[in-house]
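I've put the structures underneath this note.
Here subunit A shows up in two complexes: once beside subunit B, once beside subunit C.
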Partner chain A sequence: MSTVEEKSQEVTEEQPDDATPVDPPEPPPATEAEPKGGILPAFLIGIVASLIVGWVVFPQLLYSKKRQPVDFNHAIHVREVGNDCAGCHYFREDGTFSGIPKLDKCVECHAEPIGISREEADFIEKYVATGTEVPWYVYAKQPPCVFFSHAAHIKMGHMECATCHGDIGESEHARVYQENRITGYSRDIWGHNISGYTRHTWESMKMADCARCHQKENVHQSSVQTKKGACFVCHK
Partner chain B sequence: MKVGRRRFLAFGIGGAVGTALTPLPWKLMDDISIWTQNWPWTPVPPKGVVSHVNSVCTLCPGRCGITVRKVGDRVVKIEGTKGHPVNDGGICLLGLSGPQFLYGPSRVRSPLKRVGKRGEGRWEAISWEQAVSEVAKRMGELRAKAEPHTVGCLLPEDRGSVAQLFARLLTVYGSPNVMRRPSIEDTYEMALYQTHGIIGRPGFDLQKTTFLLSFGSGYLQGWGSPVHMFRAHSHLLSNSCRVVQVEPRLSISAAKADRWMAVKPGTEAALALGLCHVIVKESLYDKAFVDKHCQGFDAWTDEQGQKQPGFKELVLGNFTPATTAEITGLKQADIIELARNFAKASRPLAICGRGNGSVPGTLGEFMAVYALNALVGSVGRSGGVLALPEAEYLQWPAPEMDEVAAKGMQQQRLDGAGGDKYPLARYRTSYLAALLKGGGYPLKMLLVAGENPVYDLPGSTELKKALADIPFLVSFSSFMDETAAMADLVLPNHIYLERLEDVPPVFGLPKPLLQLCRPVTAPQFDTRHTGDVIIQIARALGGGVAAAFPWPDYESCLKQVLGGHFARLHKDGYLEGRVPELRFETASGRFEFINTEYKAKPAYTPVIPQGDKGVFPLVLTGYDSMRLAGGAVADSPFMVKSVDDTVLKKGDVLVEVNPHTAGQQGLAEGDAVVLATPAGRARVRVHLSHRVPPGMVAMPRGLGHTAYDPFIGGKGVNFNELIAPVPDPVSGLDAAWGIRASLTKV
Partner chain C sequence: MKEEHRQDGPKKYGMVIDLDKCTGCGSCMVACMSENNAPFREDESDKLLSVAWLRLYKLTNGKPYPDTDVCYLPRPCMHCEGHNGHSPCVSVCPATATDYDSATGIVSQIYTRCFGCRYCMAACPYHARVFNWWDPVWPDGMEKYLNPDVSVRMRGIVEKCSFCYHRLQRAKDKAYAEGRREIREDEYQTACTQACPAGAITFGDLNNPKHAVYKLRKSPRAFRLLERLGTNPKVYYLSSREWVRRAGDNYLADEATGAGKHMAEHKG
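Our next item is the complex of A and B:
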């Protein structure tokens, strides 16, 4: 620090020498004297401010918050429909996965309103009556470069739904969908903790999360190039 | 408090340090990279229901089973079918590129009629009705003039229902001139007939072989069924099988072998006979097999009562290790060691046919390799070479011919195959250029289906000129290839992903295999199945020709032909036949080392490359690679991108020249030179390589397309423009392994 100051001092002293002797000496530039001290506090303020920005403000700015079109109650459906998740999210006969049910599956029970809630009436009026598919926001949506097969994980790998999807089946209200403004994908992919730290397998769905399990379970760890998982397992 | 410069800087540095302690930079970097992958112009498969359709890839003669992934009706990816008897999940670059052919810009979108000069590229789109009636009208005129034999037909193969329909059409019409693409199948069929008396093809039980001796066969470069060969090679490696490659150039197959025997070019047959010499002399041969199943090993007396020398005499007299070493350039000790190792292996197998098998080769060489297999008992047993007779379903009843047809069919074939000079040959298509100019009679009409002779046959420069003189050229190509570009009419076929068609047995497989190619997606353009078009042409011709085609359309014809197999084929995609038991149908009822009827025998027939040694001091030879398609179907844009820059650089093809030769010629790496041969000349670049022996220039096959689209055409030089066929004096088949050449710096 002191060295910097000394040098800057020297520069200031040298300045008059630079002026040509022919011209009348000009008054020193009208700069105000550089305040001394306060450098460390400024530095610390910078750190603290950026920490606040990085940890608190940035996530707020990065994600937009969207409400699902219908406040869906998973818990009640699991109870009423039965057969756990497979009551609605089932495998078709050819082994393909049905994913999020289409409207006709909902209509099997909801052709008429069940109960008297405002949500239910809205749902019937807006979607069932008009035959419009519900534009659900998908928390688990992956980019198109990723090939994912539910059959490979559930049928062949005997995994539980909750390993990746957590306790969504027990939720009574649809969570707010937070969309990354840059990528357009859900916050659930990176994970809600902006640091990327997770405690449970279902808290994030990045490539590293897939790879970790693929490595542990020895899924096609046959790539000649990487000596690890074969890239083509997911990136077809 | 004033901010000031220093405080501001301190604040900024603090901010930077602090930011580095937050996830912000890393998270932003990750998000931005994902954002770049999702730009709207990045090609991404459409959203929709994913489905898979199993079919067969017929882009090359390998005939792999394919599983096509579709999203909605869009073909997205082609993979090898797991568990398929040909490729078991494997696939090659060409097979992967199917979607590029399906949706690529070089597809012919409707029937086209030439309006400009020949080859000018000016077309008029016409209706199918007009296209069919124009062909029928021309054919009718020639028939009315009693010249039906002047109509020729060129096909990639003569098996399968569409080839049979063409053959039937020409038979009842009155022309013997059905030709098929030349390949080692011609020679193998001939050698099989001469040794076994069986009309059919060989099968190689590679997965059980313990010693593979390949006489120049590019077993990893497209020989046989390419992906099947890759699978077989993996089996060989895991079975600790020994592989020996006999070849002048260090090809990929030679590099992957346990031992590379660099013989002088064209002397492979001499080595095969030299090995036989050692095996016979040292009594290492399978005496039980030779005694029980073979004829002509010892001296014998023919039907005329004349004494004939046996195979034993033939090899003991002429192919001593010293003579063989002199001919082949190998060491005597190496030849003896190889012969002993081969004979002592439990299940050895020798194969032949150079490179990917596009040049037939000499009958003497193929019979020598058959003799080598017979000596060690590897004929008709597991791990050896098997004889697979023709599939029964392909043997159709002969159609009735009227007088014009009968007369036309009595004419000598234009290529002279089966005639007095070359009685053993069935096809001599390699000589098409010369035949069109100076054959027995002029060809007035040529139908080309599934083949691209202007690119694919040797001497393509000459052939292009000769084809320009044919009054009427009809192409059935799905693509605007070099031949279609010269045609008078283009009647585009559906491509393999759009059509239903039987796929006849694959060359080289140890089992007969019948497959069904099924439409994966609806036809993209106004194309029509060539099978349907043949039936429609026949019907338009009327009379006896129409009567021979009773089917309303191709599909009903196919169902009738396949009979009970159709339902199973439609369900499973393929039908495996049984391997027939060892049997011989020769005059002696045994394996004949020397054919008792035709006297064809194993021989080393030196094939002298065309050209004057004084003018052309070097020898040019072609080589094959899995990254380039040498056949009728062009390299895909994807394949062209995969080629090394030591093979293709900025549109120039690089030819391999030994540094020693380059030094003598004053050439350096990358020099632009004119490569001249008696058949043609081309501008190429030099790549110095120890893969080729001094005096040799090696050039890849499969480049230099001039038609198609900018993604495929205009890259390098077509090897076939520089080569010319050299006939084997016995069979008449093309046996040119090279041609004399010179390199001149430009």
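Our next item is the complex of A and C:
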């Protein structure tokens, strides 16, 4: 019974509302016009915000920033060790490349502190004294399905180290290592520009970058299916 | 530099397996699995699901004692050349995950590119390709014994024998470091070749007259599997037994063996 009464009350309350729109006829067109003027600015603000999120905020979130365990000074080592990069990054007898040197290579000179820098003292205390390998982050680390021959590029192709690695040899401090949180790859693989645009050969190390140069130099363009580079040249 | 590349000349790596020498010991299979990080499971009793790049088959002449004869036949990937690199698997792959390299004659398989449609498995007349139904699980500590030169495969992709391509990459590395472009015959040998205690497997460049395989494949004992299909395989078998050579293809009762060989020669 009570529900019926309530319903009847609601109905009676609505009646005055329906009657009221008669005396203010102007507000409705005004409220319609307001969003019309606001759509374009709102759309533009949305676009700009999305662009900022996509191009500035997203890369910040995507890549974690890690400091190298030792703030390595390449410039001073190139000067003091000599023999350019090959002083520390040398070829082994079987043609494989040593990559980042192991601790015993460092100990050849740094068994005792030879400078006065705090960084060196820390390095000796933490790694040399305890005999632990330095857990370097490798900027150029490739996925496990990739085979890269330094011998083919340096010994046969007579390429400069800087063509792929840039001017790292002149750096006085170890650059921050940025790791893609999703793939776990170094940012140097995709390149620092999130759009993938590069001006120099050392700015990115993707498969397309390898393929572009191989195509230009006509190296192993022997794939029957693609008429381009064969897969079993860089893949394993 | 470009001219030097051309001087190399295209290689055509191939294999000759002497079935008269093969004892069926299975060393080649074991060597292949350990060299190429082949995954395995606790229960390997269902061989249809196990991953083996090189598989050993047992052939019998079907006759009762005392005429019974048995022959063991190791079967790696045949690395079919077809006509100008048009091998059965390569031509059907929708992902360009498998590819014929005209410089080495090796049919590659790129695991990160494959999406597991298994069209190539249907196309391969030799059952040389296997599908990974599971992610590999290595017993504790065994991951330290994996070959770093061969990438480990994930589930959902197809894999097959690569003629130990990573060994060619290593051999080339060494040659380049020594300033050579050409690699010697003994510098690039597959794991199965080196493991065979009977010396039944010979591996080398079929285009190079100095390599042992060049002469062996021209032996009158030589035949290839299903060669009349036009797959033009690069794995040759040797046998002095007529019934073994007949087992290599679907010959009619009144048909002589070697018909396929003549056909292949006509086609050049």
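Observations on the structure shown:
Assume the second predicted complex is superposed on the first by the 199 of 236 C-alpha atoms of A that agree within 3 Å, B and C clash if a C-alpha of one lies under 4 Å from a C-alpha of the other, contacts with A are read in each partner's own complex, and residues count from 1 in each chain.
Everything that follows uses one rule, which is that a residue touches a chain if its C-beta (ideal position, glycine included) is under 8 Å from a C-beta of that chain, and two chains touch if they have at least 3 such contacts.
No experiment lies behind these values; they were computed from the predicted model shown.
Annotation for the three-chain superposition on subunit A: subunit B and subunit C clash.
After overlaying the two complexes on the shared chain, residue contacts for A:A151 are found with subunit C alone; subunit B is out of touch.
In the superposition on chain A, contact of A:S222 is made with subunit C only, not with subunit B. Residue contacts after overlaying the shared chain place A:Y127 against neither subunit B nor subunit C. Of the two partner chains placed by the overlay, only subunit C lies in contact with A:A230; subunit B stays clear of it.
In the superposition on chain A, A:Y139 contacts neither subunit B nor subunit C.
Look at A:W202: by the touch rule set out above, it reaches neither subunit B nor subunit C.
After overlaying the two complexes on the shared chain, residue contacts for A:T96 are found with subunit B and with subunit C alike.
Contacts of A:N180 after superposition on the shared chain: subunit B is touched, whereas subunit C is not. Mapped onto the common chain A, subunit C and subunit B collide along 182-190, the only clashing stretch among 2-10, 92-100, 110-118 or 182-190. Shared contact residues of subunit A with subunit B and subunit C: 96, 143-145, 236. Across the interface of their complex, subunit C is touched by residues 91, 93-96, 143-145, 147, 149, 151-152, 155-158, 217-220, 222-226, 230-233, 235-236 of subunit A.
The part of subunit C that touches subunit A in the complex is made up of residues 1-2, 5, 10, 84-86, 90-91, 93, 96, 99-104, 106, 108, 110-113, 149-152, 162, 165-166, 169-170, 172-179, 181.
Taken together, the subunit A residues at the contact with subunit B in this complex read 32, 34-35, 38-40, 42-51, 53-55, 58, 62, 96, 143-145, 180, 182-185, 190, 194-196, 236. Against subunit A, in their complex, subunit B makes its touches with residues 1-2, 4-8, 10-19, 21-24, 26-28, 30-32, 34-35, 37-38, 44-45, 50, 69, 77.
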